[in-house]
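There are two complexes below, and they share subunit A, which is joined by subunit B in the first and by subunit C in the second.
Right, the complex of A and B next:
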């Protein structure tokens, strides 16, 4: 039950892009077509899931016993950056096809605040390692959902007679704002109604 | 004491990650062909696809792997093929002749009759689906400029009358426009050619005369009066054989009653 709650929370209620406003750079930058949006979403989900586990281990097994909890942000960034590089190498070696699809997006994720966000959120929520992992995956799915929805909207917008001053990024921001408004409908009461 | 501890932990963490990455970089190193990167640096980088490979990097990879023929890069021409041959250590066969695209039609809405008026998507393929376009001549240019939009170098222009022309200086010979043109009125011709036939109509002379003022009416003046012009009328359309000397082509152009032999370098 707790896992279902985590998934619903991070996909809808606390959607990283549309209600937490984390990771907005790829939300505007990579949402021009749905193919690359899905690629970016998959890569972020993958990295978020693994980063959740690693940062949990670093925090609970290294920083906490030594009384250095205040170093979390610094060490998390270090770990995430190293991890993404490592993942990139493995993918490049073992699956050139996946590397071709994700390759350009992977380095972008290193400095994505959504990844750091989920790592810190896991700590403040006090999740155990499995809960952290599910939260990471769920946040990634929520990110992908927002990105794919946005890319489909933008693909349709391209065919519409938008005023010149609003073409491109401005109209994308307006659409994103409206989407965020719609996502405000998902709140804690949804969770109580669904799961009791 | 505490600050020292913090310093040590971060230093150790950084060192472990750094060493781990260095080790992984060795272990998971992907062997890259250096020649592919050298070739990629030489290629023009237009990613036009004229060679038939997905972008310049695709062609560079195929060349270094010995899978592709040298000299397929039309934007690079002879210069590029010579440099590539040097890197690969093979004999340079040359890039062949520089070819440029040419729109074989000078008809427009004033000079050519229309069956109906097309109002719809500004795309030649869409217009062509409707009775092969609005013009009475079904072989000519549709004037909607699909070729202009695919041209990677913006070498294709359309004037206010709708005439579409290719700038031979700016054309890199990627053939993208010839593929997108539904009437195939854009074809490649050697860049050295001074003149070209500005008509693509295979209709018999009397038909062309009725519907277009600048079409080839297959009168054979160019072929018969100027045998050294290189022109031959095949299937009601004059064609220039660029392999011939073409010494009389300027005279033939002047004598052409519908003036459809035009200078290619305009």
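Right, the complex of A and C next:
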């Protein structure tokens, strides 16, 4: 039950983009067409899941026993940067097709605040390792959902006349705001209604 | 020479404003701007990290090998972010609480890495210092503007630092009773950002004629 709650929370209630403002740069930058939105979303979900596990291990099995908790930010970002590089190399070697699809997005993920964000959140929420992993995957799915919805909206907007000053980024923000309004329908009471 | 230096400093204020023109560092811009004091606190933290990382990267630019420059920059930036975190935790716990996750996330703020890559690694220490100060002030101004609009209209208050008998909160009569609550929520932040960006685009187009 706890895992279902985590999934619903991170996909709908605390959607990373639409209610936490984490990962806004790719939300605006990579949402011009739906193909690249799906690619970016998959790459982020993948990295967030693995990063959640590794940062949990680093924090609880290395930093805490050594009394180095203040190095959290520094070590997490290094782990994530290394991980992204490593994932890129593995995918390039083993699956050229997947590399074609995800390759150009991988370097961007290091500086995506959603990845470092979930790593820090797992620690502050006090999740265990499986909960951290679920939260990472769920937050990634929530990110993908918002990104794909946004890219579809923007593809439609391209076909419609928009006032010159609003073209491009401003209308994207306003569409995002309207989506966030819709997502406000998901709140904590949803969890209590569903799971009791 | 002096006017060139001035330009390095002032270009970040409006002409190359990091938030509204270059569109970098958007997550903290919208995430922390529910109260004016948080916007200013975030802005000052970013100025500190930006200035020192720019100085250090400009000093070390000939030593750091080109192929590992990004990880090296990230380590330098993360070190200064950790300093800010510890200082804030000790001396401004209320702002530390309010900024929450966005304080460690300064590490991945694209403004800082962006200035390191675009400016500090090709320019002198003095120019990089001025660039850091200018960009940081531009960022702080934008955050303060957004926070001011969101707080005044969304909650009817202006929250500043408490000094002496003044508790730091100014209440605006009519708006305090009937606030436009949506502006303090996530949706309002995105909508406001869209309208502000449209205003700046319109303004730029008008100036070009």
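Please note the rule applied: the second predicted complex is superposed on the first by the 196 of 196 C-alpha atoms of A that agree within 3 Å, B and C clash if a C-alpha of one lies under 4 Å from a C-alpha of the other, contacts with A are read in each partner's own complex, and residues count from 1 in each chain.
The rule is short, and it goes like this: contacts are C-beta pairs under 8 Å (C-beta built on N, C-alpha and C of every residue); 3 or more make two chains touch, one makes a residue touch a chain.
Bear in mind that the values here come from a model prediction, so they are computed numbers and not experimental data.
Shared-chain residue A:51: touches no atom of subunit B or subunit C.
In the superposition on chain A, A:62 makes contact with subunit B only, while subunit C stays out of contact range.
By the touch criterion defined above, A:93 reaches subunit B but does not reach subunit C. In the superposition on chain A, A:8 makes contact with neither subunit B nor subunit C. In the superposition on chain A, A:79 makes contact with subunit B only, while subunit C stays out of contact range. Number of subunit A residues touched is higher for C, counting subunit B against subunit C.
Judged by the touch definition given at the top, the superposed model places A:71 against both subunit B and subunit C.
Contacts of A:121 after superposition: subunit C is touched, whereas subunit B is not reached.
Annotation: subunit A residues 71, 74, 78 touch subunit B in one complex and subunit C in the other.
Touching subunit A in their complex are the following residues of subunit C: 23-24, 26-28, 30-31, 70-71, 74-75, 78-79, 81-82, 85-86, 101, 104-105, 107-110, 113, 182, 185-195, 197-199, 201-202, 205. Of all residues in subunit A, those touching subunit B in their complex are 58, 62-63, 66-68, 71, 74-75, 78-79, 82, 85-86, 89-90, 92-93. Touching subunit A in their complex are the following residues of subunit B: 2, 5-6, 9-10, 13-14, 17-18, 20-21, 24-25, 28-30. Interface residues of subunit A, counted against subunit C in their complex, comprise 18-25, 28, 70-74, 77-78, 81, 110-113, 116-117, 120-121, 124, 164-167, 169-174, 176-178, 180-181, 184.
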